[in-house]
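Shared between the two complexes below is subunit A, which pairs with subunit B and subunit C, respectively.
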Partner chain A sequence: MAKVLYIDYERCIGCKACVIGCEECSGHDHLSRMFVDELNPGETVATSPTPCMHCVTPACAESCPVQAIAIADDGTVLSASLEKCIGCKNCTYACPFGIPRVDDVKKMMYKCDMCYDRTSKGRPPMCASVCPTDTIRFVDEEEIKYDPPKPVQFKWDFGGTVIETRTVIGLPDTETHRFGYREGEGVQE
Partner chain B sequence: MGHIQNKDYSQRDFDPIVRDGEELISTHCCFCGMQCGMNIRVKIADQTVVGVEPRYDFPMNGGRLCPKGVAAYRQAELGDRLKTPLIRKNGKLEPATWDEAMDLIVSKIQDIQGKYGKDAFGIYSGSSMTNEKCYLMGKFARIGLGTKNIDYNGRYCMSSASVGFNQSIGIDRGSTNPWSDIKFADVLLIAGSNTAECHPLSMPYIWGARDRGAKLIVVDPRQTKTALVADVHLDIRPGTDVAIANGLLHVMIEENLVDQEFIDNHTTGYEELKELVKKYTPSHVSEITGVSVDKIVTAARIFGQAKNGMTMFARGVEQHATGTDSVSNYVNLCLVTGKMGRKGSGVATFTGQGNGQGGREHGQKTDQLPGFRKITDPKAREYIAGVWGVEESEIPGPGLSAFEMLQALGKEIKGLLLVCSNPIVSSPTVKDVGGYLKDLDFFVCMDMFLSESAELADVVLPSTVWVEDNGTMTNVEGRVLRVKGVDRTPGETKRDWKIICELAERLGRGKYFQFNSPEDIFNELRVASKGGIADYYGITYEKLEKMQGVFWPCPTEESEGMPRLFEDLRFNFPDGKARILAFEHKGPNEKTSKEYPVILSTGRVVFHYLSGNQTRRIETLRNFCPDPYVEIHPSLAKKYNISNGETVKVSSPRGSIELVAKITKITREDMVFVPYHWGKELAINHLTNPALEPKSKIPEFKVCAVKLEKTSAVVGENHG
Partner chain C sequence: MNFYPYEEDSFLFSKKSARNVFIVLVLLFFSIYIGSERFGYFDMALYGYLWATVLCFVLLTIRITSWTLRPPTRRLWKQGIKMMLSPKGFVFALKTLYASIGEQKFIRNRSFYRWFQHMFISWGVLFSFGITFALVLNWLHFELVDSKTYAAVAFGIPLFRMGVDSILAIAIYHGLNWTGIAVIIGCSMALYRRVTDEKKIVEQSKEYDFFPLLLLIAISITGSLLTVSALWMEGAFYFGIGLAHQVTVIVFLLYFPFSKFWHLPLRFLAVVVPMYHALQAQKPCARCGREYATGTQIKDVQLALQKRHLSVPIDKTGLHFSDMCSECRRVSHRLGGYGAKIHLGQAGLVLETNGKNGLQLEKGEKG
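Let's look at the complex of A and B:
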């Protein structure tokens, strides 16, 4: 069964182990494809990691003039093909999540391919392997989307255009406040 | 045999990937006390260290790593590694041969000891080294040099926890329970530990408990990433740990949430505690700590009502002038509620240094001999003298503790061997420490990089990095682990234990140091620790490998060690009863004043380790956090008209530093926070208070009084 990245924002500690871990995958040429952002600096230490969201209909691949961005059989949106990519940056403008980066010297786009070198051998991607808090996990797609342990999101509304992603985000539990993230202090029984 | 007892839900069922032309060295991280398992990728052709590969099957971390762990291997190939011995000539450190360096060291040792006595040459060592090296340092000091003056940097780190555990439960193992027990707690009370940043690999265990519905109480003056996800965050004023614990004890006793049966059968001292905490009402404690009454009561009820629970703490509790009191008072929370000796019930301290546990067990602490034996105990001395093959009278008595030793440099101590430590960054009153080191007649330092301290040495000896040696480490749980290395010594580097054995040979003491491998040393350590509290006798390299680590005590060859202590509820005192001790709140040694109205507290960030001598050299980690900063609450910043990113001069009665302001609501309004991983003009330890805890001799790093001034100076220009 297909496996996808699941990201539980609440657990992120902003340590960037995923960012460095990403450099360690054999197919990644020591260039990290991972992002970690501070959510509201000055107010809180909360952070979140962003890998490629692996859209079901990826705008990056659709916008590529030379069809350099392939989609693997399991739905993984791969990094640009070395032979085909012309470094035009169409993909970086098209991606609603701001994922593809372009190496200006090599004129090459690079992005998360879910560590295709590892997943094709049955191992989890590096980010999910090293993440010290289990913020990033490599899990069964059907299960995490339709039987999740907490509220999740994988459909995103960009001004009326709804994009479904294979990467799934676990949302802070604002209903029962079971794990912190509440208004005021005190324990919610 | 087998390692069923060490099975842990953090393990993952994958094999590592081995790439063409490479081999994997299955070892552990060199940084904190978690000692996460990892595979180091090595090119077979030339033995270069090229990367890291997850070690999914290791029980403690299941392949997970923090950024320090991922980047650790990158120090092995750094260009600024020391590759030859250095000798100071005309004021400058110049490359030299091993013979020149060793001849000079030996003649200086003989000079100094001949002139001023054996104790005039001291050793200041470290706890990031293997058990084998730590053991060897203690033995070399006592019967190689014949000096009483050896102590180590764990004095700044684990010593309060050590004293606190010993006086309360009679044994100093960092955790009474294996980490896999954490998941089964119904409540976790974490005090003075930013677990998320300092021990990130503990977080899956904490989340494991949370996923089962466990409550999390965090005691910390800052809303750290750990506190952010707590049910109750007790945001105490720094230095008021004794009071907050007394408040929690007060409420639990008042509301009858204690376990009277456990108290009656397994403890002594409860009545005194009950009497003392009577006056620590929630409102009184609220005044002392600055925490609301509501939160104190809520936390006490959650903790008291839970069936199983653990109290866990770290340097935030321990690095205080009353650090040992605080440790014992947090242990009291578990003792009065009977949370001991079961899955999910116990106490733990988060070990800071890689071998913070093993490093304090086998004799490099000035008051100890191997196996946690007291150096003043005639029986212990007799036994160790037998193991070493010397007369009991040849083993010196206790010497000076780490900071006291630094203060004695140039006075009663004229020569110093510094190993695996960087005290001019990590000690309080940095400027004074620089003066002490300069007052030495002779100063020799062993390191793999030219640390700030090494820069001041007369001779610097190049040692290997961790992944170039074999040995064992003992982690936060008391689990002894096997670390493995690449078989190489780049340039003229030598392994620390080899250097010490050679030095002993040249001093005419070689017959006591006939070791050809770390395993030789370990086998002697096993015998030396036999019958002691930290008994390693039954642990062999083979067993370590087979079981993926063995928890001490492991007294016999048949034993598989003891992951959980006190299952029989017999504590380590003759009567088997734990000691409930009662403490009044005294507060920090240095109080705020009109001139110095703000509290300064210091700590770690996730990207760096201790004095930063390793992590600041690794480019990625340095880029993630290049410089220290001062965290200031917006309302405090407003008082001084300081905006985010502006330069602020922070001064204590001992020194000052200029830092970039980071305005943030995560810190209390009456304090500022500065991370401590930098040296020279960026060392916050210019300001910290050298007041020592009377029992543990730990300096009070966590609280001192400072003033703030906005300045326009460029950071790094006028250093204090």
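Let's look at the complex of A and C:
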């Protein structure tokens, strides 16, 4: 069963354990590929982690002039291959989710590869392993997409262009404003 | 992945490839014709290499044609060539050419060990290419002008003379041995790193990463053995070693356009990139106002995505997600998910979620 990242961002407390965990992944060369953004700085303490969304048709790879961004057999969108990447930054601008980064000095792009050394062997990525609030989880793809505990995002409509992502985002319940899950355990009445 | 080229014409690739291959073949033919002085100095010992080289050039041309038909590639090449036509751009490109291909500074910044290994491999291979292609295509040959003097002749033009047993002559005769030694050192270092760092380089594969290194080592060893046989073994096994060397070189030449070695042509596009970033005006993010890219590149990326049928506009605002910086793109999605309004301060627009996981103009706003 394929497993994917699930981000339930209303649980995020902004501790950045995922950022540090990401740096420690053996293939990551001490460069974090995870983002924790403050959503309303000065107004609220809301934060959200963002890993790569691992699009089915990735805009980063499509905009790469040297075809450096490969997709692994399991659908993981990998960082640009070091020998091909020319550091042009097209991917950083093309990605609608704002994920890839380019190191100007080393002329290389780096982004979340779902800790390919771990996930290719069935282990969870570092961010999911260290998240203390279960904001980031490594879960079964079919289950989280088609039988989710709360509304989720994995098909994005950008003015008619539909981009499907493997990473799934859990949405806050803006209708009833209840924290947690729709029904069952964890619902605060 | 999709495969839309920059123009929607199903015969585009075939037409361009046929045209480019024809041009390359004509140029090759005339270069051989002139270089060999109307086939007067044709080296028949290199006949097998010649056909493999011609086929390698044809395959490389087809691959380059296919590559440059990709919208982002075409756009970047066009911008680069346009910028290089200005004196400022030309000087910039020459400096980058030295830094990124001559000195390979970016690899040194990644790791000193890898820079060392790559300098050995790349310069070993590039010099070998120079010597091999010059001899195989008969662009260069040596003429015995008197009993103890050789003249080096390129394209029929005598370049210099040297004594047959002078130091210069010996250095030149063994040119491919020196480059072969460099390649063996570099490839051994690379193999050592790939084996010892196996857990860090998880994406490496036997076919893509190990085979090319082993192939280069095989070429260098069989080539060097030819000298060993001639100098110290009275020519024993020379024919067999020669055949083995020819087989490895031909495998390399035919494998070159479709393998890891393909990154060599790609690196020339890297020469364009620093001036592409430096010589154009910066553009502010539509939300936070921070300068994050050049306006030209944002337009190019939007065009490339449009040609790939993958535009990501923000509703009917005329803006795309690439008009915001990376952080604002991430934050906007999350705010939309929370049902909050997203104020694009610089563009003077307010967005909200469109209910389909995208963003739209706040109802009542005009784009």
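Quick note on the criterion: the second predicted complex is superposed on the first by the 179 of 189 C-alpha atoms of A that agree within 3 Å, B and C clash if a C-alpha of one lies under 4 Å from a C-alpha of the other, contacts with A are read in each partner's own complex, and residues count from 1 in each chain.
In this text, a contact is a pair of C-beta atoms (placed from the backbone, for glycine too) under 8 Å apart; a residue touches a chain by one contact, two chains touch by 3 or more.
Source: prediction; values computed, not measured.
*Asks:* Put subunit B and subunit C onto subunit A via the superposition and say whether they clash or fit.
*Replies:* They fit side by side.
*Asks:* Answer with first, second, both or neither: which of subunit B and subunit C does A:157 touch in the superposed model?
*Replies:* second
*Asks:* Counting only touches as set out at the top, which of subunit B and subunit C does A:57 meet: first, second, both, neither?
*Replies:* second
*Asks:* What is the contact status of A:26 with respect to subunit B (first) and subunit C (second): first, second, both, or neither?
*Replies:* Once the two structures are laid over each other on A, A:26 reaches both partners.
*Asks:* Kindly classify A:108 by the partners it touches after superposition: subunit B alone (first), subunit C alone (second), both, or neither?
*Replies:* It touches subunit C, and subunit B stays clear.
*Asks:* Does the superposition put A:48 against subunit B (first), subunit C (second), both, or neither?
*Replies:* Only subunit C is touched by A:48; subunit B is not.
*Asks:* With both structures superposed on the shared chain, find the angle between the C-alpha centres of subunit B and subunit C as seen from the C-alpha centre of subunit A, to the nearest 10 degrees.
*Replies:* The vertex angle at subunit A equals 130 degrees.
*Asks:* Touching A:39, do we find subunit B (first), subunit C (second), both, or neither?
*Replies:* In the superposition, A:39 contacts subunit C only.
*Asks:* In this superposition, which partner touches a larger number of subunit A residues, subunit B or subunit C?
*Replies:* Residues of subunit A touched, subunit B against subunit C: more for C.
*Asks:* Once both complexes sit on top of each other, what is the least C-alpha distance from subunit B to subunit C, rounded to whole angstrom?
*Replies:* Least C-alpha distance after superposition: 7 Å.
*Asks:* Would you tell me the residues on subunit A in contact with subunit B in one complex that are also in contact with subunit C in the other?
*Replies:* Shared contact residues on subunit A: 10, 26, 46.
*Asks:* In their shared complex, at which residues does subunit C touch subunit A?
*Replies:* 1-2, 67, 70, 72-73, 75-76, 100, 106, 109-110, 199-203, 260, 263, 266-267, 269-270, 273, 276-277, 293, 297-298, 300-301, 304-305, 308-316, 321-322, 324-331, 333-335, 337-340, 354, 356-358
*Asks:* Which bits of subunit A are touching subunit B when the two form their complex?
*Replies:* Interface residues on subunit A, with respect to subunit B: 10-11, 13-17, 19-21, 23-24, 26, 41-47, 118, 121-124, 126, 129-134, 149, 179-181, 185-188.
*Asks:* Show which residues of subunit B lie in contact with subunit A when the two form their complex.
*Replies:* Touching subunit A from subunit B are residues 12, 14-15, 17, 19, 51-54, 56, 61, 63-67, 69-71, 196-197, 200-201, 203-204, 207, 210-211, 215, 223-225, 228-233, 292, 294-295, 298, 302, 606-607, 620, 624, 634, 644, 663-666.
*Asks:* For subunit A, which residues count as touching subunit C in their complex?
*Replies:* It is residues 9-10, 26-27, 29, 35, 37, 39-40, 46, 48, 50, 57, 59, 61-67, 70-72, 78, 81-84, 86-90, 92-99, 101, 105-108, 113, 116-117, 120, 153, 155-159, 161, 163, 169, 171-172, 174 of subunit A that touch subunit C.
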